[in-house]
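Below are two complexes that have chain A in common, paired first with chain B and then with chain C.
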Partner chain A sequence: MDLLAKELVYKPDTEFHLNNISFGMKKGEIYTILGRTLSGKTTLLKAIAGLVNPQSGRILFDGADLSRVPVWKRNIAMVYQQFINYPHLNVFDNVAFPLRQRGVSDKELKSRVYDAIERVGLKDFESRKIQALSGGQQQRVALARSLAKQAKILLLDEPLVNLDYKLREQLREEFGRIFTSEFSSESILVYSSTDPMEAMQLGGETIVLDEGQILQQGPASEIFENPATTRVAEITNDPAMNLLPGVIEDSKIVIDSKMKLTIPLHFRELSSGQYTFGIRASDISLSKKGHGFTVELAEISGSETFLHARHDDVSLVGQLDLVKNFNVGEAVNLQFDAQKLYAFSADGNLVSSPFQEFGRG
Partner chain B sequence: MFVVAPFLWALSTSFKDFNSVTGGATYIPWVDFEPSLEGWRVLLRSPAQGGVNIVEPYFNSIAVTCSASFISIFLGTLAAYALSRFTFKAGFIKNSDITFFFISQRIMPPIVLSIPFFIMLGKLGLLDSMVGLVMVYVVLLMPIAVWIMVDFFNKVPREIDETALIDGCNPYQAFYKVVLPNSVPGLIVAGMFCMIFGWTDFFFAFILTFTEVQLLPVAIVALNSSITPWWSLSASALVSVAPLIVVAFIVERYLSKGNLSGALK
Partner chain C sequence: MNFKHKYLFLFPGLLVLIGILIFPVGFTVRLSMSSWDSFFPGLDYVGLENYFRLFQDDSRFWEAFGRLSFLSVTTVTLQYVLGFALALMVWKDIAFKRFFRVLFLIPMMTTPVIMTVIWKTFFHESLGPVNDFLNIFGWNPLWLSSEILSKVTVIIVEVWQWTPFMFLLLLAGLLSLPKEPYLAASIDGAGPYRTFIYVTFPLMAPISIGAIIIRLIEASKIMDTVYVLTSGGPGTATETSSFYIFIKGLREFQFGYSAALSFTYLIIMIISLTIIAKVLVRLMIRE
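Presenting the complex of A and B:
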């Protein structure tokens, strides 16, 4: 492991921002820190950068303790969620700033700056003022500055969150391309996000952070397929995975003592008892054979409709692959795909997933 | 119209003689009255020739105002940056209390400060000297600079400083390479206020100086005698306003270049 964090604790007031966090990161890899707002993502990145000093714990890079190294001597680059550039400089000088600061020779500086500007798609914008750029372009300048620096650790703190939907989609794709194809094998990339889609798209390793603690760490697909706990299942799905308390009895799944489902194959080793069942919004569909629900809210987004529905104490969100107007209070029949059901034990740990059998039940 | 009228009135009066002023309202030179340069001449003549010399007080004023403003801005900006970026805590005293302490210097009526200042400068042997005046003015002007700049720095995102640190600046470089260039509008506003307050102060200039160092406002008031010399008073009023007008025009030209407005989103 090239970057090693050991038992980081940061508690500026009454709440933990980092609660005993340890992890390791390797050069040439992409790491996504996935968590809701206030989960400690920014604090963690700032701790790596040296802008936040954890009260205890250590960060080692290439075997050397970083704790005593001031921010300006650590070889890092960071992009913030706000578009942070130097407003008094133009695009070229913004990107050149960290290189000038390091005394890079004029010739090398020029080639690195032009190269970075081209990579983020801002060619011919070199002499523009920062204020004359759109938000997306400003964020590209910030990214170009961090790329030109060729830092050992590149930190991106929710870089796309303040952009509008379309631009976010476009930039996410470009970021993915820049990072996967042209990223140096000598550097570590840490990307924080609230959006599970971004983690999936970037691939690499995902660290799920919640209330200053690491809940799960592993390849993005692994976390998506086998979320370790109900909380991880909520964080790593958008909309959050529906969690329905229920029981297994007489070879049936019974949710809210009314809805009965046939037991799927991957649940066959689970014993009778209390469980929390998880089903993704996208695995819910309209069907005459389904269970009766009442519509509480319906949102159309692109070619999909998000349906918030309730049946007594059970409320869930379905992501339907169609565009349809539902009226509030309208009765609908929803069917769960039992083959896609997750089962969590009463204390919230995963016991069975459609992708893997645990056989612990 | 309302802004320009008093100036025109003073301008016209400065060219009048005794009869033109006392003989009822007259407005236009050569038509209403015969212009005379007497009012202006008095200002340049030495006291021995029966004039009141304002040239020396004029340069005294410029020197004191400029140096006091410069020192205030320099120290005030540093203090403001510290107050804006770092958290100070000494018992119940916090950042906002320190900021308020600075401003409280301006809330106090000047008369309260005048006696301690007089005694202090007396003990230091700085009464009736430029250095003493500059010191007192720094005390008066720095709160303005701190107050304006704290507010300004609070609006410059902290992430800009942090980015500068990450990009290899030590805290001092981050301040003068990144934060300061982005604070030029605030510096100009603070500088303007310091200049205006320093230039127009009469009270301390009157109390803390006697004969050696005379400042312009005091010299102008000294023009007054048993007969109020309206013509030379008007002339000196115009002369004393002139530098501020020049400063205002320079700033305005700089502002309209667009470097300043909207530097930060």
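Presenting the complex of A and C:
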């Protein structure tokens, strides 16, 4: 491991921002830190950068302790969620700033700056003032600056969160291209996000962070397929995975003592008892054979409809592949795809997933 | 809305403008073309005679002007450097930040004439505490009666009195700076010194120019300090333009001539300050 964090603790007031965090990262890899707002993502990146000093724990890079190295001496680049640039400099000078600080020769500086500016798609904008750029372009400048620096660690803290939807989609795609095809094998890239889609799209390793603790770490697809706990299942799905308390009895799944489902094949090893069942919003569909629910809210987004529905104490969100206006209070029949059900034990740990079988009995 | 008599409403404002600006300036110009003095009072007309006298025969005025330029540029430069340094000191979180901020402002809140009297006592060559102390080392500098040192004394007093003003403007500027470029600069590998050179200083340029111009305008009117401290002496070693105009007008009562001096001085100041402002903008703000 090239970047090692050991038992980082940061508690500036009564709450933990980082609660005993340890991880290892390898050069040439992309890491996504996935977590809700206030989960500690920004603090963790700032700790790596040196902008935040953890009260205990150590960060080692290439075997050397970074704790006592001031920010400006660490070879790190960072892009923030706000578009942070130098307002008094033009695009070229903004991108050249970190290189000038390190005394890079004029010729190399020029080639690296022009190269970075071209990679983020801002060619011919070199002499523009920062204020004359749109938000998306400002963020590209910030990204170009971090790329030109060719830092050993590149930190991106929710770089797309403050952009509008269209631009976010477009930049996300470009980011994927820039990072995967052109990123140096000598560097570590750490990307933080609240959006599971981004983690999936970037691939690489995902670290799920919640309340300052790492809940799960592994390849993005692995975490998506087999979330270790109910909390991970919520964080790694958007909308969050529906979690329904229920029991298995007489070879049936019973949710809220009324809804009965045939037990799917991958649950066959599970013994009778209390479970929390998980079902993704996208695995819920309208069907006459389904269970009766009452519509509480319906939002249309693009070509999909997000349906918030309730049946007594069971409320869930379905992501339907159609555009339809539902009235509040309308009765609908919703069917769960039992083959896609997850089962979590009463204390929240995954016991069975459609992708893998877990602890028997 | 097209109201025919809308300009009527501008009249009160125009009246005030005429009263406080246009009439005094116009009267000064007219006065400068008269020979009004204590012997022959009255607005006679002598044409540009006073101006010929000023440009051809009065080297004392031009010397005073050169001295004024030297004094104001020197004092404002020192005020800027010191004010900036003090502002930087209390900008970041230090212990007793508020206490120091107020402390540094105190000289500005005192009355200049009274403080100058106190400074004069300080620097008194045989009775003042400064020379009392320096006598220990066998020194007895002539703070008020040496041609060079008297200028130094004026500079010290002016800098002491007005650095707080510079400090105040620059601190306000520093506190209004965006935080983000500093985050970027530390990540981008700029240490404290380079951050100041490449981030703080350029970001402060517009405010700096404003502060320097305001102080230059004020400093070019140096009068009370000189009047109390040295009365322009020894000889004319610390005589400034405004002090010389005061002597001509209110000691020798050559109203016509001092009006010509005042008007000439006003024109020179407007031109030179405009040029200085333009040069500063060119120097401090890179396009």
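Basically, the second predicted complex is superposed on the first by the 359 of 361 C-alpha atoms of A that agree within 3 Å, B and C clash if a C-alpha of one lies under 4 Å from a C-alpha of the other, contacts with A are read in each partner's own complex, and residues count from 1 in each chain.
By our rule, a residue touches a chain if its C-beta (ideal position, glycine included) is under 8 Å from a C-beta of that chain, and two chains touch if they have at least 3 such contacts.
Just so it is clear, the model here is predicted, and its values are computed rather than measured.
Asker: For the combined arrangement obtained by superposing on chain A, do chain B and chain C clash, or do they fit?
Answerer: With chain A as the common anchor, chain B and chain C collide in the superposed model.
Asker: Is A:Lys152 touching anything from chain B or chain C once the two structures are fitted on A? First, second, both or neither.
Answerer: The answer is neither, since A:Lys152 touches no partner chain.
Asker: Answer with first, second, both or neither: which of chain B and chain C does A:Ile76 touch in the superposed model?
Answerer: Touch status of A:Ile76: both partners.
Asker: With both complexes superposed on chain A, which partner does A:Arg140 reach: first (chain B), second (chain C), both or neither?
Answerer: neither
Asker: Check the residue A:Pro98 against both partner chains and state whether it touches chain B (first), chain C (second), both, or neither.
Answerer: both
Asker: Once the shared chain is lined up, is A:His88 touching chain B (first), chain C (second), both, or neither of them?
Answerer: both
Asker: With both complexes overlaid on chain A, does A:Gln131 touch chain B (first), chain C (second), both or neither?
Answerer: first
Asker: Where along chain C is the clash with chain B: 134-142, 242-250 or 278-286?
Answerer: So the stretch of chain C colliding with chain B after superposition is 242-250.
Asker: Take the contacts of chain A with chain B and those with chain C, and give the residues found in both.
Answerer: Looking at chain A, the two contact sets intersect at 49, 51, 70-72, 76-78, 80, 82, 84-88, 97-98, 101-102, 145, 149.
Asker: Residue numbers of chain C touching chain A in their complex, please.
Answerer: Going by the criterion above, the answer is residues 178, 180-181, 183-191, 194, 198-199, 202-203, 205, 286.
Asker: Hey, which residues of chain A end up touching chain B in the complex?
Answerer: Interface residues on the chain A side: 46, 49, 51, 70-72, 74, 76-78, 80, 82-88, 97-98, 101-102, 131, 145, 149.
Asker: Which stretch or stretches of chain B touch chain A in the complex?
Answerer: 157, 159-160, 162-170, 173, 178, 181-182, 262-265
Asker: Can you list the residues on chain A that touch chain C in the complex?
Answerer: By the definition above, chain A touches chain C via 49, 51, 70-73, 75-78, 80, 82, 84-89, 97-98, 100-102, 142, 145, 149.
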